[in-house]
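Listed after this line are the structures, all set down as structure tokens.
The two complexes that follow have chain A in common; it is paired with chain B in the first and with chain C in the second.
Let's look at the complex of A and B:
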């Protein structure tokens, strides 16, 4: 164990600040009548922005990754990039939560505190360099998310979502931990780089320990990113959870899980490369196929977006599959674009949503182009981006992922990818059909915006279009997120 | 006198003027009446046509292959650039687009009565998308325009279409999207072949590129099996667009359900994007695969000619008949292109223009009739030549143009194609010629049933003849049909250089033989190709 330098704690200032913010909100929220929703939202926005600034200033990233605190954590471009993306996703989630927290009869401080704590977990996670520290961070994220999914305490569906999420999530965490312990047993190492170095020898001496270990580790990670066949929790949780929470799970939580999946595979298991590539190729294929096919028949927008997020997990896996420099960049760029696109789409769901889950059906979008042309246009942009049609960030991102797969010689997986994304047009455009081609009826819910929601949607639209038309600077930004490859 | 066109970014202006118009409608004409929007949009389209006109005179027939070049960095990290430029082929198609586009706007005045603001916005966006496709010399840029254009077309069919519009719109979108995403993989394969893997990725300091001209240059280095796969990927994308059988089934649906202007643009311009794709990309970049798969391409083309004609003959609906006639005519275009010799390519490309003019005019005319009677069934008409003499006359001229009667444009195109095809094989030529006979049969039979005989239906007695605006829509097309029919020389002149360039790329042996036969002519092209 290398010596412990207490000054290294300063380098964790962003995470510490965010955790303090979360705890402060939690305390303030439980004193007396708690903090009003808007105050809580403003406070969490403040903490998020301050944290982002700290990430940009304190965490000086040199060309070489810097291991800190006994190599539990690492400061590198990869961690920094994903921390910023996650913070952006959380900030947008806060914006789209304002109205819904106001509407609810629940304490606002609690909600925002949990959001900040989950985000803290994510930030530790993407910076984790040790299987144990990664696991603890992941649990901080997961436990906060379980509670968030059940935030509507008196709604059965919300309870159901939380319970399902908790039971299955705990199971997957256990599998992940067990896998990690097997690898530790075989190699005696928890640090990713040392683990990678020790694996070849352990494969010989440890026999079944290593394959069982890394497979269980993969199952746990693939569960977190909702890849088929470990996706069954997703639709129910996404539908049952309050919509802003769903958006948070689909964007920030997924981004963080992908980041750590990539880090563990690329930095911890590079010596098993050919083996896990086959597994990832299979998982990516069935995920793209099943996610898109299952989405075809959905009439509930949240459920459709849940399946769509499963499908998108499949696309992102293409970048990991390539296991190349381009592959890593493409994953980073795609998750950046995907954060804005998904949050935008879910923000539109919030706009139409009423209490008790009304306004979530595809038919509730009927005639939206007449009643709210700008909102309809925004939704159209998100739908195009989700399908992967220019001029949107979704298009550039998908091209990037497919390019990575083609370059690495996985053309057949790329073929599945392009064909399934063509199929996805059908269900995404069932919403466009309602918005532009159908007339509204008396029962159609009126869109109900708020300044915060409008700001969130506008940000997402602008980001989606800029990422599609002028992606240059953002690609360079994503390129800073490269990891040293085997 | 039009030299100034070379000094300004005229292609970008032509391409984005409609987009600016659409944004202006969105931003400034919010509360305006429908007629203001209509006039404004038509004005923008007309202006766009006027701006594009100088291209015709400023283009130097013996100058560089691609002219009016514009070049700027775009996404440096992946080597995608903003590259515009036109050769003779693209130039003709650009002019066809702005011209037919303007007429389509004009024809919509009475046909579109609801949600006009949105209609004209989508139509303007469509113009920008199509123009960009023909102007792009960067494959990435090309692909962006190629896909962007699908969205407004989808809404044009879906909102203002006929009874089965939803089905037709999504079918159109899905079909073309499936084709284009496979094409994207082909583009990526080319990109990585040229870039030779990771090291050339610009993010790592390499110089990977999507430049079409660069791909033309490396064509001979691409190994045959890679060529084969890329050709197939491109083929799916382009063949669906053309459409070649068996990928044509979206076309009758989309054509019949689309509003008149949509059909005009669909038939006149959109289908040409497929044939243009073959000419610009498949042939020069993948010559070996082209030659290897030639029998299949010829077979599908001839199959399309005959099948389209036979199915057209069986139609009860005039619009559907015209739609299937497109399948047949586009088969001709493809046949000419795949003759891989100057005559065939010249004819094929000219026939692209001809088909745009005559089929565009036919859709306009059918639309005019539909507005009056709200039916397009042949059996509902008869004897119209007595009630609408002017209409009948124009219709007759266009019918003849479509059949290929001498003095009209169709004849020139089909004849040149046949000359080219005959050079390759008389059997193909004979089969194709049989398609012309069938074409004459279904068009004349339809004309006879609609216009001759007694007026059998009371409703047809009081039909109004063409009004001034309608005549203004169709007459320019008639004039152009005669121009190409009587004096096609300017068109062949502008096509000569690009066509020889393509022949030289796709069939160097033929080009050498040609040079031996006509010493002194080819070097000019070779010089141009080095560009």
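Let's look at the complex of A and C:
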């Protein structure tokens, strides 16, 4: 057993602070009449910012990854990068939640508590280096997300979303866990690096255990990132969940799941690289094709963004498929850009949305450019970025992902990516057409902003444009998040 | 006399997992779905403990203890969601026409 130093707990200070914040909000929210929405949101933001500062100061990241607490967790550039992206995504989610939580006549304390606890799970997950710690962190994230999806507990739609998410999420967790148990049985190791070292020998002795194990593990992980054919939960959950929660699932949850998918494949299963590349190539292709085709026929903006988020999972898989240095940092860069783009797009949905889910149709955007030119311009930026048109972060990210795939010899998958991006132009711009070329009617909902929402949208627009115009420093930041390649 | 080996436990674990999987896909009552999920998680525990015994390595048992804990949390969340839905619709069947298209 490796030495166990209690002082190593200090290195987990960011996660511990966030967990304390979540529990404190939970406690405060259940005493008496609970905390007012704005107070809860401010506290939540405070804890997120403090955690981000701790990540930057306390966690010493050297050139070599540092294993802590009996090698349950690892401190490296990869974990630090994704922790910061996840915290940024959660902070923006808090901003776009303020009005929603005030409106809903539900307790604000528990909403923010669950948000912070789910984020704690994500941070532990991207820093996990052991199948046990990764799995528990994943469950912390998933269990909190199930409840968040059903946060509007008196609305049938939100409840059904929670139910569907729970049943299919539990199924995927069980499959993932079964796969993990088989890999443990074949190698006798739970630590990712030791698992990787023991795999070549295990592939000879445990001929059935290893392939079944890693395939089931992959199914569980691909479910979490919503890749086709494991995406069936996504449209319904994204539509039924409260919109800020949808944004959170599409941005932070997806980023964290991708991070751990990459870590497990690159650090835990490098021996199987040629095998999993074939699986990822197939999954990435059908994900890009089906995600974009299904989005074409959608008239509900949330559902369209759900399919768009499926399609984007396909693009990100290209970077993993390449399994090269450029592939891995382009995954990191794209997830950074995608967090801001997708949160911005969902923030726009929140602006137009009313109780009883009005304002979610594409036609509700009619004439927005005349009534609220700045909001329409912001939406246009997000649509450009989602399609991958310069000068946005979405363009830069996609270029590097496709370049990485081509460089690694997966040209046909990259070609599918480019073609399906062209298809996506059609449905993203149906919204732009409504905003700029159609006239509004009396039924069109008025945009209803709040200072917090405006701040969130402005941040997302600025970030999307800065990532597109001056990607240099951010690419360097993403390059620091590289993992050692096999 | 038949000797019980790790393989026997693995086969049992696989059968339990398959029963849970089929139950989750086929059955429409939410309580049964919750039970199926528990069955799948417990089949994993059986696997882990069998491997732990075979490898003479404690980590598998530790993993199983954590799995049991998480399964309890999962059941609590599942029952909470089930209760909220029951209050709205008065049934625990999934088949009832729903607002989400699928």
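Following the convention adopted for this analysis, the second predicted complex is superposed on the first by the 486 of 486 C-alpha atoms of A that agree within 3 Å, B and C clash if a C-alpha of one lies under 4 Å from a C-alpha of the other, contacts with A are read in each partner's own complex, and residues count from 1 in each chain.
The definition used in the following text is that contacts are C-beta pairs under 8 Å (C-beta built on N, C-alpha and C of every residue); 3 or more make two chains touch, one makes a residue touch a chain.
These numbers were taken from a predicted model, which means no experiment stands behind them.
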If you stack the two complexes on chain A, which partner ends up touching A:433: first (chain B), second (chain C), both, or neither?
first
Now for A:480: first (chain B), second (chain C), both, or neither, which partner does it touch?
neither
Quick one: classify A:203 as touching chain B (first), chain C (second), both or neither.
neither
Taking the superposition on A as described, I'd like to know which of chain B and chain C A:462 touches: first, second, both or neither.
neither
First, second, both or neither for A:391, with chain B first and chain C second:
first
Parts of chain A lying in touch with chain C, wherever the complex brings them together
131-132, 135-136, 139, 143, 146-147, 150, 153-154, 156-157, 159-164, 166-167, 170-171, 173-174, 177-178, 181-182, 184-185, 188, 190, 232, 236, 239-240
Listed in rising order, chain A residues that touch chain B in their complex are 324-326, 329, 369, 384, 389-391, 395-396, 399-400, 402-403, 406-407, 411, 414-415, 418-419, 421-423, 425-426, 429, 433, 436-437, 470-472, 475-476, 479
Give the list of chain B residues in touch with chain A in this complex.
74-78, 118, 143-144, 147-148, 150-151, 154-155, 158-159, 165-166, 169-170, 173-174, 177-178, 181-182, 184-185, 188-189, 191-192, 197-198, 201, 203-204
If you look only at chain C, which of its residues touch chain A in the complex?
6, 10, 17, 20-21, 24, 30, 33, 37, 40-41, 43-44, 47-48, 50-51, 54-55, 57, 59-60, 62-63, 66-67, 70, 73-74, 77-78, 80-82, 84-85, 88-89, 94, 98-102
